[in-house]
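The block underneath contains the structure these notes are about, expressed in structure tokens.
Letters are used for the chains, namely A, B, C and D, taken in the order the chains are written, and counting of residues starts over at 1 for each.
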Amino acid sequence: MKPDSNILPAPLRGIIPPMVTPLLDRDTLDVAGLERLIEHILAGSVHGLFILGTTGEAPSLSHLLRSELIERVCRQVAGRVPILVGITDTSFVESVNIACKAADSGAQAVVLAPPYYFPAGQAELLEYLRHLTPELPLPLFLYNMPSYTKLVFEPETVVAAAEIAGVVGIKDSSANIVYFHRLQALLKKRPDFTLLIGPEELLAETILLGGHGGVCGGANLLPQLYVDLYNAACSRDLQTVERLHKKVMDISTTVYSVGRYESSFLKGLKCSLSCLGICNDFLAEPFHRFRSAERSAISQHLQNLGILQDN
Amino acid sequence: MKPDSNILPAPLRGIIPPMVTPLLDRDTLDVAGLERLIEHILAGSVHGLFILGTTGEAPSLSHLLRSELIERVCRQVAGRVPILVGITDTSFVESVNIACKAADSGAQAVVLAPPYYFPAGQAELLEYLRHLTPELPLPLFLYNMPSYTKLVFEPETVVAAAEIAGVVGIKDSSANIVYFHRLQALLKKRPDFTLLIGPEELLAETILLGGHGGVCGGANLLPQLYVDLYNAACSRDLQTVERLHKKVMDISTTVYSVGRYESSFLKGLKCSLSCLGICNDFLAEPFHRFRSAERSAISQHLQNLGILQDN
Amino acid sequence: MKPDSNILPAPLRGIIPPMVTPLLDRDTLDVAGLERLIEHILAGSVHGLFILGTTGEAPSLSHLLRSELIERVCRQVAGRVPILVGITDTSFVESVNIACKAADSGAQAVVLAPPYYFPAGQAELLEYLRHLTPELPLPLFLYNMPSYTKLVFEPETVVAAAEIAGVVGIKDSSANIVYFHRLQALLKKRPDFTLLIGPEELLAETILLGGHGGVCGGANLLPQLYVDLYNAACSRDLQTVERLHKKVMDISTTVYSVGRYESSFLKGLKCSLSCLGICNDFLAEPFHRFRSAERSAISQHLQNLGILQDN
Amino acid sequence: MKPDSNILPAPLRGIIPPMVTPLLDRDTLDVAGLERLIEHILAGSVHGLFILGTTGEAPSLSHLLRSELIERVCRQVAGRVPILVGITDTSFVESVNIACKAADSGAQAVVLAPPYYFPAGQAELLEYLRHLTPELPLPLFLYNMPSYTKLVFEPETVVAAAEIAGVVGIKDSSANIVYFHRLQALLKKRPDFTLLIGPEELLAETILLGGHGGVCGGANLLPQLYVDLYNAACSRDLQTVERLHKKVMDISTTVYSVGRYESSFLKGLKCSLSCLGICNDFLAEPFHRFRSAERSAISQHLQNLGILQDN
């Protein structure tokens, strides 16, 4: 059943944070931390919530834990904002299973990156979407994430997929904004098709040049900052945009740049949330939380940025 | 509980076919085909059976179907050869779940490629193995498959992993035999540590130069051919080795080379089994079975090779 | 016309087109076409000219032809705008040779991508720059072009390189604007260090968010368009920016998107210049000019865009 | 000594060492070292000599130095073995220039990897060969080196290229021996077409399974070892093959495995030649010679292997 159309705007605009998944250990939710985190994010006036994405470590979590998370988040958010649920999986059947759970729990949409073990061609990928979408009980956002899936939704594939009933938008995390601008140009006759940007470093320009919103990981930490930047860009207040974009970049070049590159974003983000007392910083394998040296560096960065009070 | 050591030799030698998973549709086993396929393979005097690997399309299958497959295969094989079960998953917890199912069903070992969504570093990969192995009820073979997982088990990581209790061998599907020879050289003081080669095109030389065995996909189709080649290489009968290696290459350059490259091996193999009446050729998404033009090409190749009778 | 061509502004701001190299055949300049092209570009009020870059097919040209091109361009431009000369080569010595030729001919700066055969590490790359820069008679711009060189100038390497006397800026053609924004943030205390963007699709946002200029291939064709967009972005005229950015994207999704992807930009650009009667469309190996079907498509696109008159 | 150096056997069989280029600095040959090195290699009864390949650092050398090297090597070898000269370059014209120099100096053949800056498609690559080969004054060997050129000669491209007059063989340095075996199978009706393997770790199996020879970098150091292994494999003396293959692997896992991976082979090889007093260990940029810690490690390895006497 399709959700109430009032709940999921077309296009979906604004800041939709990709929520981290607070964990006590590899298979146990940090329930208290989760509750605090949800309220912390919603207090920032965000426009939606995306769970079980890359920032949510979905591929590292058991299916049972994913189910529990969907239930808890939907119950607590209780319709205050639309909830998008990641259903990316190498198995078609498991993707449908998660989507059904999401619909049953009251979520508004699902989000799917390409299956990421077998290297599908673009024709196979499009056929995959044509088979999958009718099986889904909720509208579908595509999720372009080539650095992790090693497979891009080529622009022509997105244009063709946008014709499938139920495919309502795309979140692009490629960081290749030429790609994003091409999507905008190719889909200019589809103003209802949502175009969201992943990397928060690109939020300012995305909104200034006609994109609809951002899935900003940093909005776990400072939701209001990204909402303010979004609003400033919408109202063409360039001076504020420049000031807030600079803040975003200051976070990016400090908090996300401690330790090894590939996972430093995720580790830095969870570590920061722990420093602020919001939730646990446990990371599921193959990663692990920052040890004390990196934690000190993060803490220092947060103090320098005025996010954490000196103690 | 560790299995009877008589059942899993150290090292494990010989031909251990990576079984395809016969399917009626994306979530239904072809049970009759599965039974025929198992007997067809075992009739070839193979030395083991590897299920739920890449050739078995494991990442594309639901967890329920994987469970059913493990049960059925273990019941039917009934100790005639050791069974190795693939437990590769992006989720640590799900890998353990599959391993427990394998042990409960009577399998002899499990096989694990690196988690393949998040890009772990080698130190993280080794830590992953150190955390995972104690949770596993069966001995573990590593599975080097960089073209699909995008992450190699570096030789130094394998050497360190070989020190972990329960890690008993590696299957290398990289096709980079410099890598394989380096493993052999670095592990020469560990004659009990099993070194298996993936690509069947490399079986002859692997055995001639001291490797222990091969996980040959073609042994789904012609198990005796690969067993004969293995035996000839073991007994240093170079004339027979050359003759059978040539047959292996003839299959590789015809049956596996129809249609698109990346998935042509899997499609050609399942199509051939269907042409021979052994099992259904359905492939789980993101792939699909060969259409009629490619099926005709496969059928013609099988006739030319004397595998299929002209009709 | 600039008052003193010897002065290279710090930072260098504006539109610096990467000039295509007009050819009659693989080793002969289209001299008349070259003269027309230079005047066509300069008539667009550009702020510099970059020759022997990727768009200039430098790696495909003989060293003699590169020398002749440098001479002819410097003589004809005659100080009207600064000239930047690409010296990228796998051989240190040959890079220095081209730089000396550039200085002797009156160019203002040189541009260097990493050597692209042997895979240098970042430390080796930095050492390379430390050895090379003192041998160069002109200021050096780095050139980040990972899709072709397979080697990125990591942000930390750029920050360190910016400390070397003679290194005055970077041109980033990665299309990864997170990278570009990180450079901006890390170099915020070096307002003299030039930050130029390669892909013209990113010109609008680059200038809006503090970048200095663009090396826009399309400015071979429509120099005034990119200069106007640059000026609009500098003066914060967002309405004009949006209108012109849309034109840039219309060119990108039509003229650059005919035929095979990887080389379609270069082929489409040279073909367009030929359609407009400016210069020959011969491409040096490994590429070749568009055949008639693609040429018709380009011609049609140019008419639709109002660049070419219907005939 | 060969009776007639003008005759290039078809196929070319045996050990053809890819000679390192002894350097005093980045643009000066170590002439005395070069003379010693040539005699050292020829004393090992090798079957040819390949200069200006990857091991010869050709892409890092100036064109003048390459010319001087060709002249000196041809003069000194004086027909004792066939000389193959690398002409790989991103510029078609420069490749022809080097080939002409090689012919004038008395070399027997040239060797070409794909142009490695612009990403050519397979059709473009084949057209490139069709244009280039008629311009070459000497027979041409293809050179498959995807890790550095990022472009593979696909098997179908090799089969088509083998039909071009003047294309006489291929050297495969991919380390993917499935690829090599496929070439053998596809070219089985062309017994005159030479198939050489690059990585010396694969020499044993290549010869056992019908390949023609090896371009073994280690033969700069120990030419007789690789010639002995080649001869043992030709005469099907498996016991000797196993013993010598083990020596080859011992060198590979020690001398080539010091320091950073990508360039450790080249650095270890030049360092070893310097330890033995044969030639200077200077490496052209972007690399540099091993510093003292790594040199000590190399020296220790050479002593352990019995190549260098304890002092």
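Simple rule for what comes next: a contact is a pair of C-beta atoms (placed from the backbone, for glycine too) under 8 Å apart; a residue touches a chain by one contact, two chains touch by 3 or more.
Note that the structure is a prediction, hence the values are computed from the model and not measured.
**Q** For chain C and chain D, which third chains touch each of them?
**A** For chain C paired with chain D, there are no chains in contact with each.
**Q** Chain A-chain B contact: same residues or different, taking over half shared as same?
**A** Mostly same residues: over half of the interface numbers shared.
**Q** Measuring between mean CA coordinates, which chain is farthest from chain D?
**A** It is A whose centre lies farthest from that of chain D.
**Q** For chain A and chain D, let me know how many angstrom lie between their CA-based centres, rounded off.
**A** 50
**Q** From the mean C-alpha coordinate of chain B to that of chain D, what's the distance rounded to whole Å?
**A** 35
**Q** By residue number and range, which residues of chain D touch two or more other chains?
**A** Answer for chain D, listing residues that touch two or more other chains: there are none.
**Q** Could you list each pair of chains that touch, in label order?
**A** Every touching chain pair, ordered by label, is A-B, A-C, B-D, C-D.
**Q** Which positions of chain C touch chain A when the two form their complex?
**A** That would be residues 175-179, 181-182, 184-186, 199, 201-202, 204-205, 208-210, 236, 238, 242, 245-246, 249-250, 252-253 of chain C.
**Q** Mind listing the chain D positions that touch chain C in their complex?
**A** Touch list, chain D to chain C: 26-27, 54, 57, 59-63, 65, 90-94, 97, 114-121, 124-125, 127-128, 131-132, 148-150, 260, 262-263, 284-288.
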